[in-house]
Structures are given as C-alpha cells and as structure tokens.
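Structures follow.
The two complexes that follow have chain A in common; it is paired with chain B in the first and with chain C in the second.
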Partner chain A sequence: MTTEKQTPLLVDLHVKYIQSLDTKKDDLEYWLTEHLRLSGVYWGLTALDLLNNVDALKKEDVVKYVISCQHDNGSLSGFGGHVGHDPHLLYTLYSVQILVIEDSLDAVNVDKIVEYVASLQDHATGAFRGDEWGEIDTRFSYGALSCLSLLKRLDAVNVSKAVEFIMLCKNFDGGFGSSPGAESHAGQIFCCVGALAIVNSLHLVDADLLGWWLCERQLKNGGLNGRPEKLEDVCYSWWVLSALSILGRLHWINKEKLIEFVLAAQDPEGGGIADRPGDMVDVFHTLFGIAGLSLLGYPGLKLVDPVYCLPKHVVQRIGLAERYHV
Partner chain B sequence: MNVEKLYQTLNKILDKHEIHEIGLLPYQSTQPNDEYYPFLFIESNLGIPLEYVDKIYKYAHGIFMNARGGIAETKDTVKSLKESTRCNHLDPINELKFIDLLFTLPKHTKHSTIWFHRKWIVLKIHQHYSSDDHLSSWQHEIVITRRVAELYPKNYYAWTYRHWILLNISNNSLQSKLFFDEELTIMKSWVQKNISDYSGFQHLQRCLIRLSKYYDNSFNDLDGISRKDILEKFNFQFQNQDLKNDNNSNLIVLLWYREIQFTKDLILRYPGHESPWYHLRFLSFGWKWLILSGYLGLNNSIEFKCVDDDKEIDQQNYNPIVKEWPDLEKDLEFSRYCIRQVDLMIINQDNNERLESMVIQKQNALAFELWISELYDRTRDDIDVKELIAKLANISMNSNYYIVQNK
Partner chain C sequence: HGRRRVKPSAEVEKLRKEKEATKIKEYNDLVASCFEKRDKNEFDNDAFTITTKILSQNPDFYTIWNFRRSILLYGILKECSEKDKQQTLSTELGFLQELFQLNPKSYWIFNHRRWCLEEIPNPDWNMELKLIGKFLEMDARNFHAWDYRRYVTFQLSSTTKTSLTQTEFDFTTTKINQNFSNYSAWHQRSKLMPRLIKEQNLDEQEKKTLVNKEFELVKAAFYTDPDDQSAWLYHWWLVGREIQHISLLGAYYNPKMRQVVLAFDDEIGMVIPFQVTKKIDDNSPSSYIEGMWRPAGGELKHDQLNIDRSYGFVWIFTFFDSVKDDFTELIVTVKPEFIVPSHSEVKLTRTMQRHCIINDNYNLENESSSSLSQSQDTLPIDTSERIKLLQREISMVRELLELEPDTNLLRELKYISGTNMEENSKIDDEVVTICDHLIKIDKLRTKRFEDLRSKAIFESATKSLVKLVSKELAYNDDTLQYQDSTFSLESKNLTIIPTPSILLYITKLNLSNNKLTSIQFLANLINLKEIDVSNNCITSISGVNRLRNLRYLKIQNNYIKNWEEVKNGFIGWQGVECNIYISENPLIENTNEIESLKIGWENEIKECSDQLKIIWK
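Here is the complex of A and B:
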C-alpha cells in the first residue's frame, strides 16, 4: 500500500455514478430496493453537494419526487420510502433533509410534518416509534429530534423525556445501543450522540470512555468497524468519525490510514464507493465514504456537519448553531 | 417463458406444500416435463432459478400493488400483512412460519421491520393462550434466533430480539428460572464455539443480569449505567450500604464469580480475541457493582471459597490463576500472566498469523489493565497507569489513541 501510488478521490466518476442510479430500471436490484428510493435520493444528493455538484440532479425533479412521497392523511402525513409506500419517520427525516438542501421547505406543509413526528413519541418512555405500528429504536429518537430541529419545532415534543430514554440505552462501555440493554453499536452511537448534541445535552455523554471505545474500532488496515471483531466497513468512517468529531476527539484516530482505506474502496471504472475494497459499490457507502473524507479534511470537498449529516453551509444557511465539540 | 405461467406455477407450489427453505439457483436443473418446471421442489425445499426472479418479482409486485387499490393508495407489504392478520384474513401461526421462511435468506435477517413484525405476531398469538403456555413458544423463538445467528453471525437484530425474549419471561416461577439456566448454558457453549462473537457474549451478559434478578428482584438491570457512572454517581450513593448476606445474594455472587473464571479460562485457551476480553471488562464492571450495592463485601472471599468448594469448578481443571478471587490486584496479575505467556511464545514464533494473534492478546491484556485500573479509581496521573499507556502506545499501531494519551 505505501509503495503504490494512492488513487485520489474520483470526483467526476462519483458524480456520474450517482446520476446514473435512476436509469437502471431493468436491474432486479432496482426493484428490490424500491423501499429505499427516497433514502437513495438523500444519500446521492448530499454526496453531490459535498462534491460541489448539487446541480447534477435537477432540483425541480427532486422536489417533485419528494412531495409525491408524502401522505395526506391527518396525523399520518409523513413520507414513505417511495410513491405509494407507508409513511415512516426515517423517510420523513430524509425528505426534510433533501428539502433543506434544496432550500424548498416552503413546498410542503411543515405543520403536518411536525404533527406526524410528534405523534410518534411514546409519552411514557420518551422514545420514538418508527411508524404507527410501534417499533422502538434510538435511530428514531435521532430521526425525530433531527427532523424537528431542522424545522425549528423541537417545542412540539417532550425533549427531556426523549433524552431520558436515550440515556437508558447507554451501556457500561459508554456506548449506546438500539434499546435499553442492547449492545453498543457505532451506528446507534452516532444517532444517540447526534440527538444529544441537537438538544444541548452532550454533557451527559461519557466522552473519554466512549471516545476510547470508538478508537478501538480502527483496525490495522486503517478501516473502522462498528462493533468488536467485526469487519471494517466504509460506512463506519461516518458513524464512528462523526461521533468522535461531535465529541471533539477526531485526532484520536489515524486519519491518513483511514483516508487510504476509503479511497481504496472506490470503483476506479464505474465510480461509487463500496463497503470495502473490492466489493460492489452502492450510493449508501458512496455518501458515507465522501462524508467521512470531508470530516478528515480531504481537499476539494465541502465541509459536512457531523450532527445533521448535511453540508455545513446548508446547516448555516438555515441558522442552526454548531452543536458539537464539547 | 411466460411470466403469468411462472407466477401460477409458483403459487401452485406455495398453496399445496409447506416450505422450509428457499434458495436461488444459479442455473436451471429441471426438465420441461417436470410438474413444477422450472422450479425445483425437493422435500419442502424450494429452488427458484435466478434468471426468472426479476420477472416473477415485477409481475407479483404489480398484482400486489393493484390488490391494495392502485399505486396512489397502496400500502407497504408489512402493513398489509399486519392488517390482514388483525382482520383474521391470515392465520398468525402461518404468518410466523412465513417469517421463518424469509429468514432462510440471510439478507432478510438484517431488516429490523421483519423482526418487529415477528414481535407483533408473537404477542398477538400469546393473547389467545394462558401465560403458562408461552414458555414453549419462547423456546421456539430462541431456536429461530439461534438459526439466524448461525446463518448470519453477529446479526444485531437477532440478538436484540433474543434479549427481548428474556425480558418477556416473568421472573417469579421456577419454570422461568429453568429457562434462564438453560439459556445461560446454551450461551456458554455458544461463545466457546464462537469466540470472536461479542454479540454472543453480550447476550450472555443479559442472561446473567436476568438470573441475578430472579434471585433478587431488586437487582438493577444496569441499563444506562456506564463505568464512569459507577465511579461517580453510585460510589457516593451507595456509601454505607449494608452487606446483603442472605442465601440468594450469595447465589448471585457465585453466578458472577463462575462466569469470571469461565471467561479467564477462555482467554487463556483462545488467545488473540477482543471479544472475551471485552466480556471480562463487563464482568469486572459487574463485580464492582456487586461490591458497591452490597452483594459482596471487600473481604468475604474466604467465606465464598467455602461455598464454592463444589465439584463443578474443580472438575473444570482451571489454571489456578483463573480461580483467584477477583479484585484489582488479582485481575492485574491475571493480565500480566497472559502477557508473560505471550512473550514466551513470541520468541520462537515464525508463523505470522499466530504471531499476530499474540500481539492482539498482548494489546488486549494491557488495555484490560488500563480498564481495571481506572475501574478501581486510579487516574491517568498515576505512575502505573502512565507506564501502561506508554506500553500501549508502543505496540498499538492502529489508532492514534494511545499515542495521543501518551503525550
């Protein structure tokens, strides 16, 4: 690795790759991932903006598509993962994120979204359900708080109860799981630390203890895993790194080796980034690879906000304060 | 081949037979005159040739969407399944079998929605039976999570589902106790065979907590409590706590003591794995909790050695270092013993893979020393702790953590 010349970030190829995603309608994969179509737009658009190419997807089409995923049904007015799919908190967050990037929140009825998100809080525990059926997960706590914060409507839910639930999911190692008693997991840690940052509660995080655990995720090849003795994966360049960044401890990991690892996972022919070198690329890992590189200060990329997973200039435009670095 | 015909043939198979496993076939192996051509159907196992999957999927997708009232008002699959189950259009027991079947494809086991749907159905079924009959159903659920964990190791949703099973079993009957005991035994054998599976160890931790709670209903399930919390919040809160000295408290201590011995033995037998070391970190944390909350005095080890003169442990043939009564000094001693072993083995080691696992063992042993020193209130200004960090900075090449701490 050290003797080989490192491939740089292949910006043009990645832009082309993301643009091509909606033209693969003959692939089975396209059909099997229908429920993730809206998420794909968020991942792709955010990556494009960080690559200084937000216009590579036509704003009009993007906004029109997002609106077509919204339900208009009283308190169930959330967004589905695709046209005709059920409303769900996660797709509602992705929609709001997309609309914020496109500066088009006025195209939707914000009050209805707020009402939908607020209806998902469980009053007894403070936790959030993913949809009307009641699945509970700290991912949804993040989804709700991030969404409402972007809409400047955190007043619509019981924030202190929400914090109480998140803190119940903290483990002996300082990490967080999906529910009380669930194993610490870097993805859930991003959600919990991010959510606490949004509501100014970072003082509740055991920053040194958790930071140590997060650093232990870095492996010999420079990549990061999400739990002990799991394989390294490019997406943890985001989940682990964003949490460290929010806690102001990014310098605790070896940046050079991680950059090398992410760049090696690029597809040098078709563009896009895979979970690890040699695997098939997808838009999910493409975003988290690029966002990770942005946190690592890779040249030529726009800065990313570690709390909202949005380009920093977008978060600044809507006037939200930087809520990290304790 | 005509897609409508394919769809009908597939439906015929599904209507007539109970299916236990589905597989996608890279090539076609049936003859045109076979009854279910081109599908392969052998002893409840269904094989679908890969080349037809997208055709049938798109066709069935269209039918499903139309059946739910057209594109504009369609519902998601899972929601439709729930509604159909609620209205008794679908038998919940068949629905569970359907999910069992979905879980034979590894990809599906990573969807939290399916696991949640499963919870929903299980609770639905339980409504129709008295709680005495639930245990056998929970046993079946354990079997399913076990199968998924074998198919897709460290599957996060399968293990959290398994925690959920434990939480649903009341802790006041002897039957529940037997269930927890059995689960603990299963997990001990699981981690021995899957030494690098921390998720397995983590579930074992849930079993320990659950059993402790059986012995003493006031036992804290440790949700939301970190190492930092027990040092700062609880150290103070528990001051002057009376020592609990009833039989059940002693059983709790014995349970944890045995687990610590079991884990140290694993570490000696399978060097070079992060998972059992992390588990030992948890156990040392739990041990400190037992001391703080009065289950265990600082000096009652002698008493316990008498209680634990039982054959079970002697039969295990443990190394004496493993049997030491856990405290800061003994745990540090254990770690140093591991390091000496490694140093002896490294000298004559020319097998790279084994050499690497020795280095990992040493890193983990040193990191455990750091963990336990801090757990027993030594700060990073302490001279021994500083020395530890210097050693770690010297051999840990992965992250910058110890290098930064060493400055």
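Here is the complex of A and C:
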C-alpha cells in the first residue's frame, strides 16, 4: 500500500468547472448535448449549493432559463430539456428542483405543472409515462412523486396505485427494475426506494436483503458498481449510497475507500469529476461524486437529502419531513 | 461514460476546433430548419429527411424522434395503403437496426422501435426475437435488450396464443451454461420458474424434480466460481427466507402515569390508533377510553394526507384528564390493518388480532401463537420440504467451505442457512463464529457483519428474557415501583441493539465496553433507573430525556466531542435526580479553559433542570 497523500476535494476548481460549462460553444459535443442543458443546470446548481457556492450561477439567469424551457398546453405545463424541446416528466422534475433551490416557485404556474404530471399517470396500472409517447419506467414514478411532493400536491395522483406498480417491479434479490420483470439496477433501486420513502411505504422493502445487495456493489478498489459484474462508476456512489442511507444501512459500505475512489476521479487541472479515475469529467458525475461525498460526511460540504437529491436545507426550508429510515 | 481524459496540446486543440466549426454550423442549421418545419406543422418528406440526418448523428435528441413520429402519423402514413405502410415502417425498422450498431443501449431507439411495431400492419415478432438474440450474444447483460426481449415474447405469445415460458426458460439455461456469472439470466429465470410451475400444473413430484435440477445447476455454478454472486443469491431465493412474525412482547398499565404501554418486537408504524377500552364491571359493556398514542421517545406525527407516520418499538397511550380510572379490565385491540412493519421481511399474520387484557397485576394476558406463513416471493414449496432442503444445502455449503475456506459468500450462505433453521442456541454460536471470520476476510463490509454478529449475540442473550417478560413485572402498590431487574451484555463488541423492546422491564442496564454509536434505542426503555454505556463509540446523548426514573447515566470514555451533544440530550427533563458521568470524552480535553468551561456547563445543565448533575470523574 502506497502512502501517497490523497488529493482533497478541489472545491474551487469544481466551481470554476461548472461555471465554464456554458462556454464550450466551439465544441461539437456542446451542441450534440443540447437536450441535456436543463439537466445540466440542475446537476451543476445542486453541486454548487453543496459546495457552498450556489451563487456561482446567477439566480435571475437560471430562473429565466428554466422558464424558457416551459411548454404551455392549455391547462397543462411541462418542461423540455432545452428551449423548444418537447415536454418530458424528467425535465419537469429538474425544473421544479432548480426553482426550489432558487426559492422561485412563484415564477411559474404550479397548478399547470401538477396537471401535467398527473396527466402522465396510467390509471390502470398506476405507472407513470415519461411523456405523451408512452414510455413506462419506474424512473418516472420517482420523477412524478418527487415533483409533486416538492409542490405539496401528492393529492393529484393515485398514490396507492403508484406504489402497486413499483412493487410489481420488485425482484428476487430485493431490488427493483425499470418495469415488471426487469433486472435490479442501482439507479432504478434509488428511484423506487426514494419514491416509496416519499409516500411512507418503506415497510414494503426488504431492507436487510436489499441493503446487502447494495453493499455488495463495493469493489476492491473502493468504488461502487450498479449491478453484479459491472464496472465501478462514481455515479453509483450516489444511487447506491442514497438508497442505503434511506434504508438506514449506509455504514454497511467502507466509507474511507469510497471517498478515496471519488477523490481520485477528479480532474486536478480543469476541475470536475469523472466516472472513474483517469476518465473525462462531466457535470453529471461531478454532482453525484459531490453528493456521495456529502452523504459520506466529507467535511466542508452541505448535507444532501438522500430522497430528493437536493441540499437538506432546501428540503427543510419547504417544510418536508425527513423521509428515511424508520 | 468511459472516455479517457487526455490533455491535447494547444495546436491539436486549435485544429480540432477548426474541423468542428463547420460541423457545428451544419448541425445547427439542420436543427434550426427542423424546428422551423415542426413549428409550422410541415409533416413532409423534406422534414423526414432532415430528422434522419440529425438522428443518425445524435440518436439521443428525443424531440426529433417525437417530430419524426408526428411526420409519419400526420404526413407520410396518413391516407396510405396498408402495403405502403408496411413498406415504409419496414424501412424504418431497417434504419433503426443501423443506428443500433453504434448505440445498443439507447432508450430512445428502443422506444421508437416499439412504436413502429405497434403501428406496422404485420409485425414480424419472430424476426424481432432473432434480432434481440443477437444483441444478447454481443452483450449478455444488456438490460435494454432483456427488457425488449420480454416485450417481444409477450407480443409473440399473445398473437400466437402459445406460451413461450418453457422456451424462454431454456434460453436462460443456455445463457447460464455459456457463463455462470450471467446475473441477468438468473434474474430472468427467477421470473420464469414460478410461472412454469403454474402453467404446466406440476404435481408435487414434478415440482421436486424441477427444484432439484435448479439446485444442481446452482451447485455447478458454486464449484466453478464460489465468489460469484448470481448463483448464490438465486440459491437463497430458491431455499426461501424465514418470515419473522411480529409479536407483542408485553403490555401493562401504569396507574400513576395513567398510561398503557405496549411493546412490539419490531419498530412498527401506527396507521390507525389502537383502540383502548375499559370495563367497569362484568355486566356493563366496554367503553372507549379517550387518550393519545405516541411512540416512546417521540411524538405522533400526522398530516392531512396521512402520509407521515411515526415508528416505534414501544408505544404509550396516555389517558386524557377527563377519563376516570374506575375500571376492572382494560382492553387494547391491535389488528394487522392498524400497523405496518419496519420492512417487508417482517410480516403480520392474517389472523393476528391481539386483545391485551390488562388484569389486576397490570400484566399482559392472552398471548396467542401465530401460524407460520411463507413469503409470496418464494417458490411454492411447503414447510417440511423446505426444512429438508435447508438441511441438504447446509451440508453442501459445509462441504464446499472445506475446499474454499476463505470465500466470504459461502460463509454468508452458511450464516443464512443457519439463521433459517431456528434450531437451538448452538446455531447462535456458529453464527458468531461465521461473522467473526467474515469480518476478517471482507474488509469492505465489516460493519454489516458486526451488525449481524451483534444481532445474534443479543438474540441469544435475551431468549430467556422474552419468556419471563410477563412474570418479571410486579407493582408494589404503596410506592408504585417496579421490582428491580438487571441486564448485562458488556464487552461483546456490540454495534447495535436490534430489538430494544425486549428490555422494557429492565431497570438496570449494563452495555459497557461495546461498540455502540448511538443510544437512541434507550428511549424505548422507559423503566430504566440505571444505565451504563461507558466505553462505547457514542457521539451524542440522545434518547434519554424522557426516562423519568433514570438515576444515573454512565457514559464515560465515548466519542462525545462537544457540549451540545450532552445538553441537548436532556432537554425537557422531568425525571428524578440524575447523575451524568461523562469523564474521558473528547469534549473534556485538557485545555487551559477547561475548568471555566466546566463551570459554565454545570450552570447550563442546572438551567435545564436542577435534578441533573454532571460528574466529571
């Protein structure tokens, strides 16, 4: 074992990295990922708040941009991934998350957003579609319940049916998949466990079995994978960790080794965090690496809420109770 | 994902940017013209061609897929003959196949393919099955492909009105034989097995044969790679897990406090408040008692949507002032629909309905036993079969362990099998040995094994307590004091106390010299007079502020770092005189200011309550 000094979290570099994201207009990649622009704002802004630098992105600009992604379809109003892009449940969730961080929900018509989200529930199964084209996935169950919970409007959908659908996606290993019959995957598990936490139905989860499956995601290099026999990835430091945290079993993984892994995935020159050490960084992994570190108690970071993937103080400010571990 | 970080020279960067500049302009022009046509509702061939160009370069651009579908629906396929529709959509499927080459895991491409197959007059599901078979050959773990395969087989079996369960089951056998570590195939198998049993209406003998074959396959996987998780998790599912049933450990009435206390062996949530009724004499009917329930150490949470809920092991019902205590009998009714368990491995039997009759001695009567029922997630094997299976599997695991003594998964399996047997206390000792070994060989999951170990030790140490529970309690009418009872579990490396409610009747508790990090569980133990949790890893005093009978708390030599963690633990103290022993904690480091700090702290605790006293030694 070498005893080289471990790189600390390069806060200032990450802040600068996030601020620079919108300046890469001479990269083809920038234009090919326009549909992720709104997601990028959520990932970047949340990371900045956790890094105690939420003002590094100007609030008025952020809110203005979010509003520009809004669709008005009569009584329904969803948000798209970028200006002019079609509305989708996921981007609607990101928008609400961003506006909640910026404390600017009054800039939009909340009722119309609620109508949009409610319109996406399939009444027969309780599942949620991603958009009018009908894709069904438990990611969207989480998206809908999280969004409505932040808006205090869970009354707008059939919660017990939504739970029924999620439970159809439970597997032999205690985990959850994207749809009934689908294999357990850490991302889907976060969505399902998070959704069940929001509606106080964690008693339906095999906490010990799933906790065990989740802690077995940790590999010898300290990183976490998303399912058996797969490669470690920083984003799983969030999906796996938050699920474990909600189930009260965060201590079942080795914290020190995971912190080491995440810190090693930073870009020490340009800032940002990658999926694993030595790879190219992106804002998605930057957020999930920082959020993971926050859950692990890394000093100097704001606490993150494992259910909403928002800074805890934001969730507390809007009056939502802690919805994890009994 | 997965791209190496390189730092190219400034020159290389400059060249790249020049090359990309034209590409960027071309791409943006395409997108602009596409949006223009869309906003004008121009669902024509030109628009279609533009979307083809964009999507070939960028298949994640979901809005363009939406527009493409609109063009097909409202333009190209509108007023189109069935033949032409078939042709156009076949070509579309071909286009998607090309895109799949570089993007075998794109949600959007799979979505569009499904849409095409739903629109096309004659979908060729067999061809789809062949196509997805190829996908799984290239990458047997591609979950998009497995999901798509389930969709295709469902459609195929619907249209041909035949079941494909057996062929799909055989497909997973092929995949597993190609690679035992194919978790996706084992997972698929776990869905198909129960369906197979049901569809083929297997009798007991046939079921046994099938299940035995499964165990043979799993065994082969173990011998090939004892460290692989798939076979081993599948094995556990095959064997089935024992369901823990919630029991009421005890119930009593405290006439001084006018409180009914209930203790469960699980941290249950209250959905509907339990009914408390009284009987004044044998002739009159029972009447409801008005009061408030709360979990010991908490408040009852409630909101308009009834979504927030409190959880607790021990529940306290306090009579309202208006209630007269003129009864001969107190009855508390707990029905399964009133509560939710802490997690789904703990279940309520359908027939459970506890009527706790609290008699003259203020003790619990009517303990009824609950019947064993199986989880719906497991295979339909009856209990006696299961026990035989377990015994056989345990000997197989023991055999394997002799060959591979350092496999953590095998030891885990032994642990699971052991706890499932519910034999005698010999098992508990073996479990502790297994956990000790696991702690040594798996450094990543040490804390989980420490918890498992603590659980085994605690359960074994408290077995006798559970039986004596109703007999231990006795009131001395004059002073309404409990008979003292002591419980000690020191120096056992305990990290958690899994079921604190078992200790409800204990008055003197010694858990010193362990590895506890929190004492929140003490909130349940409302009868405690003396607590020793010295020499642990506790960081904060939390959970004792409502323990009215507490005379001392020994919490020396722990990890308490600052004064808030002490002070906040006693907010709202309404109990008797209590001494708090906190020497040898980090907050009492020998600094120059420490003596004046101590004086300040003593004053603060006196402000909290003059019944509290800090002992520095």
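By our rule, the second predicted complex is superposed on the first by the 322 of 326 C-alpha atoms of A that agree within 3 Å, B and C clash if a C-alpha of one lies under 4 Å from a C-alpha of the other, contacts with A are read in each partner's own complex, and residues count from 1 in each chain.
Quick note on the criterion: contacts are C-beta pairs under 8 Å (C-beta built on N, C-alpha and C of every residue); 3 or more make two chains touch, one makes a residue touch a chain.
Nothing here was measured: the structure is a model prediction, and the numbers come from that model.
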Side-by-side fit of chain B and chain C on chain A, or clash | clash
If you stack the two complexes on chain A, which partner ends up touching A:Glu216: first (chain B), second (chain C), both, or neither?
-> both
Which of the two partners, first being chain B and second being chain C, lies in contact with A:Gly143: first, second, both, or neither?
-> neither
Classify the contacts of A:Ala321 with the two partner chains as first (chain B alone), second (chain C alone), both, or neither.
-> second
Looking at the overlay, does A:Pro228 come into contact with chain B only (first), chain C only (second), both, or neither?
-> both
Chain B versus chain C as contact partner of A:Ala274, first or second or both or neither = second
Regarding the shared-chain residue A:Leu168, is it in contact with chain B (first), chain C (second), both, or neither?
-> first
For A:Gly289, is the partner it touches chain B (first), chain C (second), both, or none of the two (neither)?
-> neither
Steric overlap of chain B with chain C in the superposed model, located at which of 187-195, 313-321 or 349-357 = 187-195
Overlap of chain C and chain B interfaces on chain A (superposed complexes) = 27-28, 31-32, 34-35, 80, 84-86, 133, 135, 170-173, 177-179, 181-183, 185, 206, 208-209, 211-212, 215-216, 218, 220, 227-230, 251-254
State the interface residues of chain C toward chain A in the complex, per the touch definition above.
-> 1-5, 7, 17, 20-21, 23-24, 27-28, 31, 35, 57-58, 60-63, 66, 69, 107, 111, 115, 141, 143, 146-147, 150, 181, 183-184, 187-188, 190-191, 228-230, 233-234, 237, 241, 267, 269, 301, 305, 307-309, 311, 340-345, 377, 443-448, 451
Taking the complex as given, what residues does chain A use to touch chain B?
-> 27-28, 31-32, 34-35, 80, 83-86, 133-135, 137, 167-174, 177-183, 185, 206, 208-209, 211-212, 215-216, 218-220, 227-230, 251-254
Enumerate the contact residues on chain A facing chain C in the complex.
-> 26-28, 31-32, 34-35, 80-81, 84-86, 88, 131, 133, 135, 154-155, 159, 170-173, 177-179, 181-185, 199-200, 202-209, 211-213, 215-216, 218, 220, 222, 227-231, 233, 247, 249, 251-254, 257, 267, 269, 274-275, 278-281, 321, 326
Which of the residues in chain B come into contact with chain A in the complex?
-> 53-54, 57-58, 61, 65, 71-76, 79, 82, 112-113, 116, 120, 154, 156, 159-160, 163, 167, 196-199, 202, 206, 209, 221-229, 273-275, 278, 281-282, 285, 367, 397-401, 404
